[in-house]
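Common to both upcoming complexes is subunit A, partnered first by subunit B, then by subunit C.
Moving on, here comes the complex of A and B:
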């Protein structure tokens, strides 16, 4: 298709658009690597996931269209039900662990006298980031063993009766995985909350002091409301993160004993990689994604209404 | 957990001002205790990495006397290859992430072209696509990808996954570059490539380093995708550690926890070395760009 060149300024809209497109070529060149990568390695797999959820895809052949069969199976499967209950427990307890310890430590650091001291303690709590997450998992895995550190400590303080095979007992396995990683002070959350406290203007604290709000009363009346954006973000990230997390059950318990530590994301992974039921796995993934999207939208709405 | 750790109404003014009041001591003691507990896994792996199986079985918390440094030799033999693979994957992925994101962020921040808002929205929307959704299809897709080296099958998707976050942060940084600086260079005849390389990147270097360091941690720790796409002889550290642990713990004889712990220590060393120099970039990155209200 050739474009007639006219000496007059172009009046034809498509012609003008073509010119703009052509003048934009350096920009498209700059964008090309990033866009190619995300198109092929992010958008295309997402498209595959959503479309293959309606088929009996086996990972090799496209598979026949099965309609909502995979979804029907997912919502009626009793294992999926148990997995969902485990996930809800995990999300609820994980939310407390994501919010309370970092907030407590951020407040304690913020109340220290002197910037130097605050800086030193902030560094102390960021330092554990050098422990690779898999190493932390595996080390805690050894803590939980029958001859591991936790049982040894229990015996040492005279609580030998509480000894457990923590990860093999269906009653404790899930909680052992959830409460792995004491003292749960995530560096990212701590830094976010501490920076939030630093951003509160000094006269707000001064006014609170004159009103007699000090100590924990000031934390409740001044800090918490003003840290709302940070706490909201941490809560959202924690919920979304824990809904899709399955590394520790995969590595430490394989979802067992029984299905005591199985979560939907782990089911998705194992039905695909071990049973070869990729279509069904994608249906589970899509259901999870819908839940994540709804939660994100709800939290957006809530934060908009609050502000 | 008691309220006494905070400055109370009862405390006289002078005491509250002092740097060593009772409340201050309580706060510091609590923080020190929690901080050391957070670092305890490091201490635990370090001391036990130097123990023989009998020493490990006898006591988990005492110092290794005599120490058994030969654990490190057997650990090194096991994870030497994976350690190199991890370093290669992490360095190449992070550098490529920053490079491609810088190009895209420059276009989004400082160039005008049709479709700019749409393309940016498409990039940004990817932050909302959860990683577990694409994990399995990505694995299937990468499995059949013709790449000259298996590590590339991991590096390419890793770079792609890092793009939305990096582009978002870098676009914001590029938009803050003073216009006079850009205009001056443009008058001197600089094109877009020169502007980016000579003006924009040097001015925003701290942000680039922050993006790199923040992205580096999850890439170094990534387990799921590497465990799926890498052949057994070319795995990265997290995958190797899980395999090593499995073989050590299920073996017929007493598992050599010392060698296992030595492998854990070795796998943390690159991060220790990095954060010794670059921790402030991590802190700055999280505290400045973390939340927009």
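Moving on, here comes the complex of A and C:
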């Protein structure tokens, strides 16, 4: 004989949730188009990348299942190894460039006397964002030419011996690309840090002054600890951005000389568009995606522990 | 999908009568440098012939409309790939056979070989369309599976353009006639503060001249592995496999140090770059009067005109190699060794790459239009108007409209091409991976021995990839 099982009576909590859903349905309905678009344009491509990374997809025909072959190739390919090393250098130096110059400029502007002056300098540093980044790259490409501005300037100041083939020497090409775009003040980072400084209560600065913390000591003891959320965000975005970045090597060096400026994202792009090996390119993309996800998780964990 | 494509091929074969069938509608085309009425071009420079041919067809078959794409395409292969993935490829499009045979995905183009075996009803007395075509071009454009995806009708001649004003400035009164003279003249130009060349030394271009000379005595053997005229990708792979086109053979890389003597005199900016940057080098440096010479195709004559080059232009062909340059040189005339197909290279899209091709009767109609414009008479009209390309079909004569002393270019036209090179066996071989090694060597970042090792690895991988992808047993050629 079986004992009839009566459905479990709804708890207060689930009832509350149901009631909230029922009362909030118009809001969910309004959100639905945006969610569908995000799902189609953001999550669906990621799903395709993951599933097709296990095939020999050529971009058009249905790919045959190849198991882990693409991943095996990616982790054993010496070019991918060189590209990964380049990316790590780029991420490390990019992090310094993303944090230090905007912080210095934000501090300098914040300590200018007079709101008008602060506004003027802030505008001066933010205005260049209207210049398309491609234009900036092409201009810097001409600066780096053997007869370009940098070599001409070096000769003019008596440092002709330092003239160099900046982009065609494997020893300098990667660093030339990383350090392109002086004075490295990203407008978004600058504004974020400047806003962070503005949010520090005046009382804290006064207390620090009474305790003798002025100048660099105040920056180290007061500003930096209180700017930690902003610095953490900039660092995270910089790492993610630089791991996925490949525009300047694509435009200026095509990943060369040799593979001196090749990074995994560029390898992914050229493997797909030039060789038509989309399956392999997807595997590289998945590896990048996993690395970015892991770094993001690690960063969240670290910031949670720190706070 | 295989069934659809087989059906498509059968439909193409059945449709050999001079009529588009019952289908009526718009046929889209991308015809690259033959595009009529290109926006932004001066009225007097506009091309009109393709539109006239289309008008004739539209008049003959009311309800048919031919529409030419006038959107610039900076990277043709990527454009094909992307449009095909969306199922929106043009009905007829410009593509090179080498790309369709190796780099682009399979099933972006219909196999035209059976249609070429059929008569073209728009050519009086024609028994098979291929009878008017160049047999060696047809053989070289054949894919490993025997398919021919491209209607190929013209070729481009490559030459060394030079700025006569800069030559005069350096005290040079005539163009060099040997490679040693080319190096000597480059030294004089450099001494006068003029860059001899400012370019990416494209491996597939320069290597073809040197290899065609060094291997000229073995040409018949090397081009005969596949039993077809011309030097095909299969011939290339077999030669690699046998160690002939390989650093194991003394000839294969013997010319690298000689060529480096020349490139050591060039500014180094472009030496290690991608070959695609040559357009920048030509447009900015040569046309801008910063460098004295540029190695480019006959199509560049139009660029010189369009960009308004303000100097007297001359042209000379790749100079003969003598024993002075290499004890292995044969002295063969290889002036036309690098050239190849031009802009009259058209493929028809498949129903997979172009959804509109699934419409009943459209494929026959598109093929009929291709037959209509693909006659020697129309090819002659198109190439004569464009003036940059030489037609390759029987019954046509080259009429290059070059407004400078172009005797060097004209001397190449019509000569049989006996080219030997390495680059078509795998998508990345010539233009990407070999180019990287070549650039590193020429820029002094790699020794010749290290380069030889890297080249051998690259060639072995390319031959193995080719054999695997095309199911070729290379052992049977041993």
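The criterion applied here is as follows: the second predicted complex is superposed on the first by the 271 of 307 C-alpha atoms of A that agree within 3 Å, B and C clash if a C-alpha of one lies under 4 Å from a C-alpha of the other, contacts with A are read in each partner's own complex, and residues count from 1 in each chain.
The rule is short, and it goes like this: contacts are C-beta pairs under 8 Å (C-beta built on N, C-alpha and C of every residue); 3 or more make two chains touch, one makes a residue touch a chain.
What you see is a predicted model; the values in this text were computed from it and never measured.
Asks: So, A:253: does it touch subunit B (first), subunit C (second), both, or neither?
Replies: second
Asks: Figure out whether A:146 sits in contact with subunit B (first) or subunit C (second), or with both, or with neither.
Replies: second
Asks: Does the superposition put A:305 against subunit B (first), subunit C (second), both, or neither?
Replies: Neither subunit B nor subunit C is touched by A:305.
Asks: Once the structures are superposed on A, label A:116 by its partner contacts, choosing first (subunit B), second (subunit C), both or neither.
Replies: After superposition on chain A, A:116 lies in contact with neither partner.
Asks: Between subunit C and subunit B, which one touches more residues of subunit A when both complexes sit on the common chain A?
Replies: B
Asks: Which partner does A:273 contact after superposing on A: first (subunit B), second (subunit C), both, neither?
Replies: It touches subunit B and subunit C both.
Asks: Figure out whether A:59 sits in contact with subunit B (first) or subunit C (second), or with both, or with neither.
Replies: both
Asks: Using the touch definition from the top, say if A:215 reaches subunit B (first), subunit C (second), both or neither.
Replies: first
Asks: Need the overlap of the two footprints on subunit A, from subunit B and from subunit C, as residue ranges.
Replies: Dual-contact residues (subunit A): 59, 147, 273.
Asks: Along subunit A, where are the residues that touch subunit B in the complex?
Replies: Within the complex, subunit A touches subunit B at residues 17, 20-21, 23-24, 26-28, 30-31, 33-35, 37-38, 40-46, 48-49, 52, 59, 101, 105, 107-109, 111-114, 117, 121-136, 138-142, 147-149, 152, 182-183, 185, 187-188, 191-192, 194-196, 212, 214-216, 219, 229-230, 233, 240, 244, 246-247, 250-251, 265, 268-269, 272-273, 278, 281-282, 285-286, 288-289, 292-293, 296, 307.
Asks: Which part of subunit B faces subunit A closely enough to touch in the complex?
Replies: 3, 5-9, 18-19, 24, 27-28, 30-32, 34-35, 37-39, 41-42, 44-45, 57, 60-61, 100-101, 103-104, 106-108, 111-116, 119, 122-123, 126, 128-141, 156-157, 159-161, 163-164, 167, 192, 217, 220-221, 223-224, 228, 237-238, 241-242, 245, 257, 260-261, 264, 267-268, 271-272, 275, 279, 282-283, 286-287, 290-291, 293
Asks: Using the touch rule from the top, collect the residues of subunit A that touch subunit C in their complex.
Replies: Listed in rising order, the residues of subunit A that touch subunit C are 58-62, 145-147, 165, 167-170, 253-254, 256-259, 270, 273-276.
Asks: Hey, which residues of subunit C end up touching subunit A in the complex?
Replies: By the definition above, subunit C touches subunit A via 1, 75, 77-78, 81, 84-85, 103-108, 267-274, 276-277, 352-353, 427-428, 432, 436-437, 439-440, 443, 445-446.
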